[in-house]
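Two complexes follow with chain A in common, the first pairing it with chain B and the second with chain C.
Let's turn to the complex of A and B:
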């Protein structure tokens, strides 16, 4: 039995990790809601943002957090263009399958370009406050992890406010709920869908910056993220943001606790186990609404 | 019903391909070219196996690389740890893969497309994780050596035998695909591809059909993986459980045309040769990934039906027309016949 302090530390780390998962899963859920698209390239953009943060820190000497000033608008634009120029061109009948292939292709291209430009070497940001940590009931929590969690929390809250309180958010939710009806009441659904994708990709920019603070990054790292993230959105119920957030917290916690006994590699299998069990027992996920029934 | 000339053209193409393929080991100038031929054939078998699911049902799997890897490791482990003869191990390995495919298919196919793709990718990631970490059983990242089935054989002769083995496997896979294509079972599968709701309403047991064809596909994929293990003799989890293997299969099948019996084969010939060529010219750089991704994106965006149908459409446009709604008769001739009285009658009745 591990000591109480270790257990406590693992719980905290699991919750902090879960926050980051929740933010990224929210992005994936947005895409799925808008277009029934499983966006494989989401985590590739995540790693791209992490690389941009690392690059701006080592080459330009600025704090990685400041790189968000550029990456967030940039990724927003990328998301809009991706939806308007590429995904909207696909045939509606085979959209789900073909969009997976298209976003997969984008992920592979990003991975290849990252490997070509920055080489396959593992990179890590050395920060002045990188080794600082808080002592809490005998557990040690690194400050950077708290910053990452804070970023994810603020971004999620902002996303929530945009979705619930702004006219654009209403239009976006209307588009997700019923596209034709939204069109009838005068919403330009094509434009809203494009902006929705931009919003989703912006979460990857924030998540990537948070990730770069305390993680060693390499081009193929995105595969370690897309698997857990896809498991989270299935367990939570495809299309449900609260479901994804809850599943992210539970699975992040489970991963962190299992690491004590099993080590990092085997602990990752908890996501895949949860994925298979969910699909076998309750295919629509545990929080899924109407949308999830048929996917 | 295809026209006589079209069937004749297909027949000639098959005979020509078979003749070239059978003579290839004699024509190949050196063992290296022969080994490239084997790799391309392996891709052809893999993407044809993939096409059992992708072509008939329209469900895109990115995880067939993992099934091939399981077939390879299953065969390898049965030979090294189980002490089975090589080709018994091959059959047993493929049977194990088919058995593993049942629960996977059960979880992945109960709901529609999106979950299936997610499970297929997860399959690759989880098998890579397990086979790398479980080093005491699988050899881990150090790899697994599979003894050759014909110990005394020299290298060129070994290549030659395996070239014919892969060719035979390809012929079997194509024949089974062709048989399913013509059967009632195949009709049900294609109904799922066109409209799953309508197929279900009309009484097609969609879930059972999808599961059966997925298991068949897994069996052939496992055979291809196992045969590769026996030929190559050295397995590494990084390459066996690579997401790229699965995406190559998709790319080849899509490029050739998933609705066509020979689509995956044509795609494998194009992509497989290109892959080997680039490996020789440029080595193993990350630009491999970029090229694969760009090609896949282009096919998905502009040629989702594949190159064979695109070529067919081009030929049809250039060839003399046979069926047309434009009448090649003058108004005077129509008047002389009497304005087709039956049509007028049926319209009145």
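Let's turn to the complex of A and C:
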């Protein structure tokens, strides 16, 4: 039986990890909601952002957090272009299936480019505050994990406010919920869908920066992320942002607790177990259903 | 001059054969014009062409006498043509308030939006009563009224209604038809498409019978209802008994 302190630390770490999962899954589920696209390349962009944060710290000597000033707008633009130039050309009937192939190809291209430019060597940011930690009831929590969670939390809150309070957010939700009706109230749904994609990819920029703070990165790391993220959005109910966030917290916590007994490799299986159970018992997702597509 | 007039319109989907083959119909101000006809006659397509969801292949679409054929939904809305789709078309996971206010998406002036909101709330009491509910939780008839309210936010000259009574119980159907009359009386012309042909013609001022993509017969709705041959062909049997 693990000690109380270890258990407590695992719970905290699980919640912190869950926050990052929540942000990334929110982006992924947004794409699906907007145009039924399965965006395999989401985690490749995540690793790309992590590399850019690492590069700007190592080569330019600036704090990795500052790299977001460039990567967030850059990724937003990439998302808009990706949707308008590539995904919008897919035929509606086969869109979901073809989007898997298309975004898979994009993921492979990004991975290849990262390997070409930065080589396959494992990289890690060495930060002044990298090894600092807080002691809390006998558990130790790394400061960088708190920063990562804070970033994810702020980004999710911002996403929520955009969706709830801005004209664009209303137009995006309307487009997701009934595209033709959205057109008929005068919304330029193609444009809104493009911006929605940009928004989703911007979450990958923030997530990647957060990830770079305390993770060793390498070009093929994205394959380790896309599986859990896909599982999360299915468990949460495809297209449901709150569902994705809830599922992310629960599964992140479960993963962290299982690591105590099973080690990191086996703990990862909790995602696939949850995916399997969801598809078998409740395919519309545990937090979706009526909640699906709701913000 | 009619508020909306389609002249010799041809339209279809993709490369398939045209659905509308030289269709002409006019919606005069202050009237309800009803299109009836069998399944596949092209009734919904007429509305999609009129609201800009579908570009016509040929023909004219006149709003206030100006040809606006080929303009998209945003421009058609600005021209004063609003469209309420068939089936459920509320934004289900948004509140009634959000749904109705999205109807004013293209309006800039907040004072105008406020006035229109008060107007549609008074016209459709259920909108005011359920203002903060999620639209998807309302009954079918209530949702239809939210859709009507949303379409009236821009104060359109003409509103296109695609089978508003579809899937509604008789009581809700009666309410919906009453609301259609109230919309006309409030100054909006209506182009109505209905399966429930007899009921629709009894509500409408003018009627057109559509078959194979053209208007076959048109005239005052009361005359069409009374025509025995028409009743046999399109309205399912004998003409209605005269009401006491």
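Definition applied: the second predicted complex is superposed on the first by the 289 of 295 C-alpha atoms of A that agree within 3 Å, B and C clash if a C-alpha of one lies under 4 Å from a C-alpha of the other, contacts with A are read in each partner's own complex, and residues count from 1 in each chain.
In this section, a residue touches a chain if its C-beta (ideal position, glycine included) is under 8 Å from a C-beta of that chain, and two chains touch if they have at least 3 such contacts.
Remember, predicted model here, so these are calculated numbers, not experimental data.
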item: First (chain B), second (chain C), both or neither touched by A:266; value: first
item: Touched partner set for A:153, first chain B, second chain C, both or neither; value: neither
item: Which of chain B and chain C A:186 touches, first, second, both or neither; value: second
item: Touched partner set for A:177, first chain B, second chain C, both or neither; value: second
item: Chain A residues touched - chain C or chain B, whichever exceeds; value: B
item: Touching both chain B and chain C, residues of chain A; value: 294-295
item: Of chain A, residues touching chain C in the complex; value: 167, 170-171, 173-174, 177-178, 180-188, 290, 292-295
item: Chain C residues touching chain A - in the complex, by the definition given at the top; value: 51, 53, 72-74, 77-78, 82-83, 85, 89-94, 98, 101-103, 105-106, 134, 136, 147, 150-151, 154
item: Contact footprint of chain B on chain A as seen in their complex; value: 32, 36, 38, 40, 86, 89-91, 94, 96-98, 100-102, 104-109, 111-116, 120, 219, 223-224, 226-227, 230-231, 234, 238, 265-266, 268-269, 271-272, 275-276, 279-280, 283-284, 294-295
item: Residues of chain B touching chain A in the complex; value: 58-60, 62, 103-104, 106-108, 110-115, 117-119, 121-122, 125-126, 129-130, 132-133, 243-244, 247, 250, 254, 285-294, 296-297, 300-301, 304
